[in-house]
């Protein structure tokens, strides 16, 4: 894989409209991430309009962070629109191991054929039905421990499965890649993972899901590296990160991407 | 119009309490904008208390970004309090062109006599009943294309209508002004428009709506210019923008305002 | 009291999971505050899972800023779990003086034996049943005016009561302390008080509530002092504040704490 910069340039040229049904913690930062990257974000969730709006969007992200039944219904309605129209959508099963309610909702959402499933190791393990020790949005399990679960989940659902961690693991069940971009400050900033879903969705518009996901994660991690070089802690990291998403060029992305086949 | 600085100084001296029923994406940044500018923000929406709280506030803003029926009901209840007590309220019809639900809710809200309606060109065109090509919160239409719709909407509703864009257009249906302050980085930061509603509402307390709106938009755009001069992208723009809202003096505002009659 | 640094180091070493049922304005910044300080935040509110999740958490915070009946029910369910299991929880009665609905909800929550109640002077006065002149989240009353109310409230509820202000006042009804750390820019940034609740909760895990609250407030105020020294206004204050929460050491905290018996 070497065409990351082209994918970034294409995404920026088309500025896809990404519809996000995400948690309350993530909404503002995620919108800023998408705008800085060059996409067009929208947050819409009422059952009275969510399917109609999804019909206008190029891609969808669903994140169960601050879930409740009305939002779960909205997620299903919007995902159904994407499924039936063949447009990409990304599922982030935040804290799925923590409660029975999250497991039920994720079970239903997986029937809507997500294009990409992205989570930390504990979440991917929980989703694959393997006992995990997850708590909150932390990843108590290592990426390596979740690789078999990720391949299995990809084969079972047809989704590309991405495991976020110090080195990310991305697989479609057959091929797999590792993305080494990123920085240890990133888990000290909230909703960086949630916001990445939007960038993956934007890259996946009109593009095959596996290389789109890998390219989005390399770009995102590289922005994290640049931000960390300028930051004095997790506070100053945030503006520097958005600046980096905005300024990184396709050529820079190609030069700095740390991607290898797994 | 030349008394912008006086209006800013007066707003800061009185620190009006602005009640906001706004979208989840905007809430935090909008509260910080109002605090930095010198006003006092509050976010309250439950039908059990929204009218009681509106009765304590000096002004109200309503933004339909992340709408649902319960929030629409709260917006109506609070707007009714403002209407019957003659206090100012600002309507932001986010993405009104996108779904039937938004059109219905905005139709009801316009019966509550908003003091100011502020949106991008696509939203103002949609609100005026003219077919627009809007999607999400973007403005696909130009400000120039929405000027007739803005005048018409102002005459029909009695509101001051403000069209945000590279050069803003503000009219009460008879007079009209253009505000040239601002910077191209501003549309790359989320909820800057939503947050402006609060500043307009704060300026409109005890003041005529047309000059209050023009002054608020000149002040806001000038803060954007100062922030852009210090920023490396849309991330570092945000703290610099809040700093500028906090530090701009009345005299600076008068010196830098780019306002002309239309 | 002199063991503040030890308390900070212990909190970081254990990284407690803090469950927050807080307002929409605070969620993102509060999560970032907890991550920067070294704790692990989670936001969960649906009645379908809130008690189950509270059972996994080390501490809870409840903040009624953007209240509605469903959220009030969630607060009660989660607080009940903490009460019955003897784990700490912090109540922030935002704007309790403003509406009858808030007074009713706070009345119920006080029956769940909060470990710490933290608010501004107007809120503590209102909660103690003494007429206050509060509006929104501002403190129109002085800290001194609320000291008797705070002692009374502490004795009546068994909670440690903390009054935030230029100099904070913290009491368990018998002993009392004043914390002088902080900076005048802090009230110009939204949700700094709300976010402090999470830090107090994290410090109170496995520790007596009075010294834990005092230590958390000294640490928080010291971060505010460091941030203000680097900031140009309330915008640049925010990243600098998160950086300071991340970098302050136990030894620095001990050296800079401005705590005295009242």
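Chains: A, B and C, in written order; residue numbering restarts at 1 for each.
Note that a contact is a pair of C-beta atoms (placed from the backbone, for glycine too) under 8 Å apart; a residue touches a chain by one contact, two chains touch by 3 or more.
Being a predicted model, the structure only gives us computed values, none of them experimental.
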Spelling it out: a chain qualifies if it touches chain B and also touches chain C; which chains qualify? A
Between copies chain A and chain B, are the contact residues mostly the same numbers or mostly different, with half as the line? different
Starting from the mean Cα coordinates of chain A and chain B, work out the distance between those two points in Å. 32
Spell out, as numbers or ranges, the residues of chain A touching 2 or more other chains. 24, 27-28, 238-239
In the complex, the residues of chain C that touch chain B are 23-29, 65-69, 95, 98-102, 135-138, 187-191, 231-239
Flag every residue of chain B that touches chain C in the complex, lowest number first. 17, 24, 27-28, 31-32, 35-36, 40-46, 48-49, 52-53, 56, 70, 238-247
